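Both of the next two complexes hold chain A, though its partner changes from chain B to chain C.
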Partner chain A sequence: MIPFAVASLVLLGSGVMAVRTRDLVHAVLWLGLALVATAGIYVTMDAGFMAAIQVLLYTGGIVTLMLFAVMLARPDAEAAPNGQLRAALAVAAVFAGVVSVVLRSPDATTGAHIETQVLGAVILNQLALPFEVLSALLLVAMIGAIVLARKKDA
Partner chain B sequence: MNPWLAGALWGLVVVTGAMIVAAWSTWFERKFAGAMQNRPGPTEVGPVGLLQPIADLLKLLQKADIIPRTADPVLFNVAAPLGLILVLATLAVVPWAPGLVPADLDIGVLFALSISSLMVVPVFMAGWGSNNKYALLGGMRAIAQAVSFEVPLLLAALVPIILTGSFRISDIIAAQADGHWFALWPPGPGALAFVLFFLCSLAEANRIPFDIPEAESELVAGITTEYTGMKFGLLYLAEYMHTLVSSIMAAALFLGGWDGPGPDGPHWLLIKSLLLFAGIFWVRWSFLRFRGDQLMNLAWKKGIPLGLAVVMASALWVHFT
Partner chain C sequence: MTLHAVLIVAALMFCIGLFGVLTRRSLVSVVLSVELMANAANINLVAFSRFGNHPWGQAMALFAIALTVAEVVVGLALVILIARTHGSTDADVPSALKG
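Up next, the complex of A and B:
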């Protein structure tokens, strides 16, 4: 309970800071901390594999790329508030609705410990088709990105 | 035993041990470089200069702690300790002998890899927070390099995982018992994966020949340019520690860990990792650094195809044996 509370507080605090801070670099770093705290919540739920993948892909991968983009762009001026408060509130309301529906479904509260090996077997056997479709989707996105990036010198 | 107490005790032992090895490896490196360049190296402090690391520590502690006026003080101050903490955290999953491991996680390899993927964050903090063009360029180079070499590193680390069928490091070491080290067996993919893993972890740790982020001839000292005193010491120590941890991981994943001729035990893992560590110094004082584009070519055009090939080869090996 205490680890969960600590991870949740860090997650909420760093999430608020990521939105509130005017410094783009700080915002990205707070986002990184929020993603690590999410991994911490996975750990308290006995989902170590998810936690490790969360840190590896989101903080180690995506936040790193964002930092790199920020470094190349060198934002000198402080970011002004984008005035999207109403849209943000609408998104938050939709998210709260989805969460409340999920929490009421019987599958959500079992809290069963899933071995990493079992998880791997399920993904590569029963869920093999969606898994492969997902990787094809990522491949399409990658090829699209390359095409867009090469447009000028073609 | 109470898990908090056990964790504290393990932390104390492992961190102290790693710090001692890292501190005296600076002495070893200077002696080693001296021998290669036909000069004596440190000789003045203690017998054959053995007390030099202590003298260096005392010197660093006395230096003024300067924070540049235009720096981002939070990022600048957090970067150095954060780097060291992340590197040391990896040691939590390294098993020294059967049952002798701080935390025997069933996702041990993934834990170590995901922690080491965070290492670019303190590097970025130092590079950006210093608000110095050389530090920023060093940080950019370090991140570009880390992102590029991350992929072949993960692919190479998959090989022992596929061969063992487990993410748990103690399972991987147990599968290499009696000399069936993955660097030697199966012939081919194991040896290639070992070389690839080791080279990529050198690149992640920014060691020569992959040290363009530091490149003193063009970037002063890269991300450490603005640092003074003990904060500089911590950044420097973190880099050493990263190299040491990479050597330990390579020894555990590919060289059989605690397995060896005669009685098995922690001493074998220590001997193997220290030999790899010394090998890194050897490389450092023998080779020149790569150019940036050569590094990128090495990672994307050679490392990733080679990584994919060894992963496929080891999967086929497991399938057909």
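Up next, the complex of A and C:
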């Protein structure tokens, strides 16, 4: 329970900082901390493989990518956030709705450890077709990103 | 740790991300906030996988991570393109598609 509480606090704190920090580079670094804390939550839920993927792909890949984007786009200082009060009210309503649904659903206290071997077998047997479609999607996304971000007449 | 605790933490995370999407002005930080929301969804998937004792939840979370990566790649390419064509990454600037 205590590791989960610590990871959750780090996750929520760094999430708030990522959303509130004006300096984009710092915001992206706070996002990295939030993603690492998520990996910590996965570890407390006995999902070691997911934690490894989270750190490798999300933290290693996405944070690096976003830092590159921040430096390439060279954004000018961000304007003051708009409509904070209205947004806070809307978000609070969404949160209240989600929590009311969660609390009415049955709770579970005992969890089972899922072996990585079982996960691998599931992905490569029952979910083989989505897996292949996903690899095609990643290829398309890569080509699309290159086409979009390429300088014209280069 | 119970299922409800994890779900509520994930709901909080989702709401923080939603607040960022609604208030941030820079397109990069909007993409960043969407990341936080997608991350909250992944936490839910892994939690259901653990407490429901079924590997498909984790498999779905893995697929969702790959989908998010694809989304971020295209999204950031669009941000760079907009920064080049409009000279700004403010979310209010690209209104050229308005009728």
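What we mean here is this: the second predicted complex is superposed on the first by the 114 of 154 C-alpha atoms of A that agree within 3 Å, B and C clash if a C-alpha of one lies under 4 Å from a C-alpha of the other, contacts with A are read in each partner's own complex, and residues count from 1 in each chain.
Just so we're on the same page, a residue touches a chain if its C-beta (ideal position, glycine included) is under 8 Å from a C-beta of that chain, and two chains touch if they have at least 3 such contacts.
The shown structure was predicted, so the numbers you read here are calculated from the model rather than taken from an experiment.
Using the contact criterion defined above for the overlaid structures, shared-chain residue A:Phe95 touches chain C, although it does not reach chain B. A count of residues in chain A touched by chain B and by chain C gives the higher number to C. Judged by the touch definition given at the top, the superposed model places A:Gly61 against both chain B and chain C. Of the two partner chains placed by superposition, only chain B is touched by A:Gly48; chain C is not. Of the two partner chains placed by superposition, only chain B is touched by A:Met71; chain C is not. In the overlay built on the shared chain, the residue A:Ala128 is in contact with neither chain B nor chain C. Using the contact criterion defined above for the overlaid structures, shared-chain residue A:Ile143 touches neither chain B nor chain C, since it reaches no partner. Once chain A of one complex is fitted onto chain A of the other, the partner contacts of A:Gly32 are limited to chain B, with no touch recorded for chain C.
Chain A residues 49, 53, 61, 65, 68, 72 lie at the interface with chain B in one structure and with chain C in the other.
Every residue of chain C that touches chain A in the complex is listed here, in rising order: 1-9, 11-20, 22-29, 31-33, 35-36, 39, 42-43, 46-47, 49-56, 58-59, 61-63, 65-74, 76-81, 83-84, 88-90. On the chain A side of its complex with chain B, the touching residues are 25-26, 29, 32, 36, 48-49, 52-53, 55-56, 59-61, 63-65, 67-68, 71-72, 115-117. Residues of chain B touching chain A in their complex: 72, 75, 105-107, 110-111, 113-115, 117-118, 120-121, 124-125, 127-128, 136, 139-140, 143-144, 146-147, 150, 166-167. Contact residues on chain A toward chain C in their complex (touch as defined above): 1, 4, 8, 11-12, 15-16, 18-19, 24, 27-28, 31, 34-35, 38, 41-42, 44-47, 49-50, 53-54, 57-58, 61-62, 65-66, 68-70, 72-76, 78-84, 87-88, 90-92, 94-95, 98-99, 102-103, 107-114, 118-119, 122-123, 127, 130-131, 134, 137-138, 140-142, 144-146, 148-149, 151.
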